[in-house]
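One structure is given below, represented as structure tokens, and several questions about it will come after.
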Amino acid sequence: MGDHRSYPLIARAGKDGYENNLQSRTFSVGSAVFGADLPTIIAGPCAVESREQTLGIAKAVKEAGADCLRGGAFKPRTSPYSFQGLGREGLEILAEARAETGLPVVTEVMDVRLVELVCEVADMLQIGSRNMQNFPLLIEVGKAGKPVLLKRGMSATIDEWLCAAEYIALSGTAEILLVERGVRCSVSRGYTRNTLDLNVIVPTREETVLPVLADPSHSTGRADLVPWVSRAAIGAGAQGLIIEVIGEDMRPEDVRCDGAQSIKPSVLREIIDTVKTPVPGTAV
Amino acid sequence: MGDHRSYPLIARAGKDGYENNLQSRTFSVGSAVFGADLPTIIAGPCAVESREQTLGIAKAVKEAGADCLRGGAFKPRTSPYSFQGLGREGLEILAEARAETGLPVVTEVMDVRLVELVCEVADMLQIGSRNMQNFPLLIEVGKAGKPVLLKRGMSATIDEWLCAAEYIALSGTAEILLVERGVRCSVSRGYTRNTLDLNVIVPTREETVLPVLADPSHSTGRADLVPWVSRAAIGAGAQGLIIEVIGEDMRPEDVRCDGAQSIKPSVLREIIDTVKTPVPGTAV
Amino acid sequence: MGDHRSYPLIARAGKDGYENNLQSRTFSVGSAVFGADLPTIIAGPCAVESREQTLGIAKAVKEAGADCLRGGAFKPRTSPYSFQGLGREGLEILAEARAETGLPVVTEVMDVRLVELVCEVADMLQIGSRNMQNFPLLIEVGKAGKPVLLKRGMSATIDEWLCAAEYIALSGTAEILLVERGVRCSVSRGYTRNTLDLNVIVPTREETVLPVLADPSHSTGRADLVPWVSRAAIGAGAQGLIIEVIGEDMRPEDVRCDGAQSIKPSVLREIIDTVKTPVPGTAV
Amino acid sequence: MGDHRSYPLIARAGKDGYENNLQSRTFSVGSAVFGADLPTIIAGPCAVESREQTLGIAKAVKEAGADCLRGGAFKPRTSPYSFQGLGREGLEILAEARAETGLPVVTEVMDVRLVELVCEVADMLQIGSRNMQNFPLLIEVGKAGKPVLLKRGMSATIDEWLCAAEYIALSGTAEILLVERGVRCSVSRGYTRNTLDLNVIVPTREETVLPVLADPSHSTGRADLVPWVSRAAIGAGAQGLIIEVIGEDMRPEDVRCDGAQSIKPSVLREIIDTVKTPVPGTAV
């Protein structure tokens, strides 16, 4: 399929000890471990909207069993008139949430000029779908020395995705997490935001030693589908999940970003309980 | 989403006792029950190629725990120069396989003029993807009085799929099984035959009282992915699987149709053991 | 690209005198010639809805310069509750329209059992998109001895399309017309019914000696776009057009099928005047 | 379709004098005029590879009748191991080409930190497909005061494309050119790099007062298709073309980037002669 010579630093072929199965190069982000036997769960609000909202959700996802906190301080939005995130103030709130919960923080960076600033707080830098082929940004986060979460582009092939990861690796970072987040496909018209492509998980793990996770929130756009699709993703070989969460007593319309696809902490707990229980026959 | 008035006979809305959850209208095909609590497994060769091959696989899938036998006597093939199935002889072999194993038989019918003939053997009639909108055929199988397995078209929306099922229902058959079998999407280029759309399962069950299954063989085109994707499909809410199987000692290149995506009976047994074990948190 | 051995009867390679350019195997349907230098125009109502409507439109498209009359007597409809065509009565109306205008008639056949009946009137048999891989139907129309218009399936590759044509050729008919009618693609969401794929025209002509036309009506779903897309199709190498037309004084909502994409005869005349005027540089 | 309130600065609705037809807001880039009656042609090498190559092609496209010179100094490449462009040296070569030919220069900028540098030479800044939603870059080029060429993303809807243009407009630049360059669609497998979406041209012009061009090079990936698709694009309402060109005596394999889709100057001249000749019936 792929051409291993296109991404030698992350290809499975030629990596000593990784040739013969789906074992991944594991790495830690704070207390969270990626690529090991049990799935790793990243959860949190879509956007950091306020101190109260973020601290509340951070504590709730910690109690539900999440390993890592997500939350956007800088938000890529289709329209320039939509809420663009709290920026620097959002980062400070994330730092406080980490201090209170002990959860490592992953947050998106969209601008090469802000990589240094975001690194002051982030334990892992997120590259969003729209920036999967923003090459100067890939190079800059690669130089920053922090682990990187790289979402798949909306219509990217495995090859393009792994070449994007190679840009990061070539710039100095070996610790990269790949996240499938749904692709554009004509058939989802009318029922989900995107089409979750679970066929991609194992073929990607066969090509690369990097761990591969799935994002049930963006791939569906519907909170009610998140538990179903979370179980499906783990069954398909995903090594973890990244899930958007709102407060237990909040309504979707109360939040400024992606309310319709955010689940409550009680639902998150059920998902984590299910997917962290080893199932007979699912071992590699 | 959908417009329930377009498919009143199969819509969840308005069906007494089915409004409030994902419960399906259950039905039996021989000893197999569809739409109940545990997933139902249909397995067998892609095509009936010989008496020995078919009886051997039939016994093996029975022992592995399958509920229903599949096998094509009439095969829709992209090229007129490909093997087109054994036809009438294939039906006789299927009848013998049923007699030997007790498994009910599902087999495809492509031609309105052959519905009567196929009904002499089939316990359930299969409509393939390419015929999802072959309306005269839908009407004819609807009149035949046998349960029908209706595969989703390669780029069909939920609405189109359910309208196709409504044609069958309107012609007289209430017992219809829907099967997601992968869709055409640009992103799978280079790694799988199609893109399995697991986002579709629960939204389809919300719209209709018909049971919904998944086909991990055609949706991937790769035997090695079938176990992963089978677990994923059940996690996503599929109420069963239809899987292509080759003999335990056969090689993919030994068969005339879809060898690359057919699994061995020992792998089938592992899949069935896994998906028939209720997992905490997966109940509806 | 394609594998010529898959469709030897229609492949350009190996066809004496056709190897080195885009020249097509020409053929006549009544007074209409397909595959020659000037584009051939097929026009008429989506469905035959009444004698008055059909005769009126037939005369109008004749006056506008069309070469062939289209009109559906048997209509494939997504919902079983939509108007399904006038059937046999529709055929009789088409025969009368031919008698009055002299235009040859192309009309769709969906059912193998009706090929003989449709042949009593049709000068050319149409296979619709949904039936591109209805193999028994392809074989039956191939045997009927009439020219065949084969629409491309909604997500068919060139290979699948040409293999479908080969089924027809292998059954006895060499006179086949290929029609690109728009494909399913995620990006058209919100503005057109399908995505017209004009990249396909010349590569298809390179593979086969069959003439290739385009359908600006179904590919857009919008009457206002039909003139633009008609010019585009001819520029891209299409050897003709098939266009849906309503009466000059009718409104889209007055018709039972595809009103929104049907143009008026006066617009058809402008299109024909434009595309039948040779443009410098467009010769092959 | 679209929601005009999402992009008020560029929407047709509410723009005095533009409401009722497809007339565009015209603007000049050096001697080139965009959005007026005749199509505007941008042509040049994919990448600036050397002084000789670029000056040679620049003179040739000038003689062929092109209005504007394209050429990449900074190249977005899927793989980090591919040629990434000559950078600053490439810009100097482009400046020299402009001095020799009088053609205004459009060249891509990928990095917010290089907008100022690229502006020293560029008469128009190009945003590539991969950066259509690189919002910090859109804002920075919007502030730079130069006209901007904005390519459509590989699977972008009209709404997303126009929202991206609105980011630029909101940052200070009213002179924006939209370029359709082919989308990702499953059906092109095996024959073209992308699927040119000509259905998008007029609906986009209906939504916005910005001029809309097409890119026949990237949308096909094949030099032999460029003349066909160029005519098609103009017929479909495109207000110009952007075309990749190699030297008259060069072979595709002699260039480091996109050789297979680059045409020779003599072919460019034929295209320009054809599309700049007004055709009866093509006026708006």
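Order of writing sets the labels: A, B, C and D. Residues in every chain begin at 1.
Just so we're on the same page, a residue touches a chain if its C-beta (ideal position, glycine included) is under 8 Å from a C-beta of that chain, and two chains touch if they have at least 3 such contacts.
Everything numeric here is computed off the predicted structure, so don't read it as measured data.
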{"item": "Number of hops, chain A to chain C, where each hop joins two touching chains", "value": "1"}
{"item": "Pair of chains joined by more contacts [C-beta pairs], C-D or A-D", "value": "C-D"}
{"item": "Gap in Å, rounded to a whole number, between the CA centres of chain D and chain C", "value": "34"}
{"item": "Rounded Å distance, chain B centre to chain D centre (Cα mean)", "value": "48"}
{"item": "Numbers and ranges of chain C residues touching at least 2 other chains", "value": "155, 159, 184-189"}
{"item": "Residues of chain C that touch chain A when the two form their complex", "value": "184-189"}
{"item": "Touching residues on chain D, where the partner in the complex is chain C", "value": "1-2, 155-159, 182-183, 185-192, 194-203, 219-220, 224-225, 227-237, 270-271, 273-274, 277, 279-282"}
{"item": "Residue ranges of chain C in contact with chain B within the complex", "value": "6-7, 76-81, 110-113, 130-131, 133-136, 154-155, 159-160, 163, 166-167, 170, 184"}
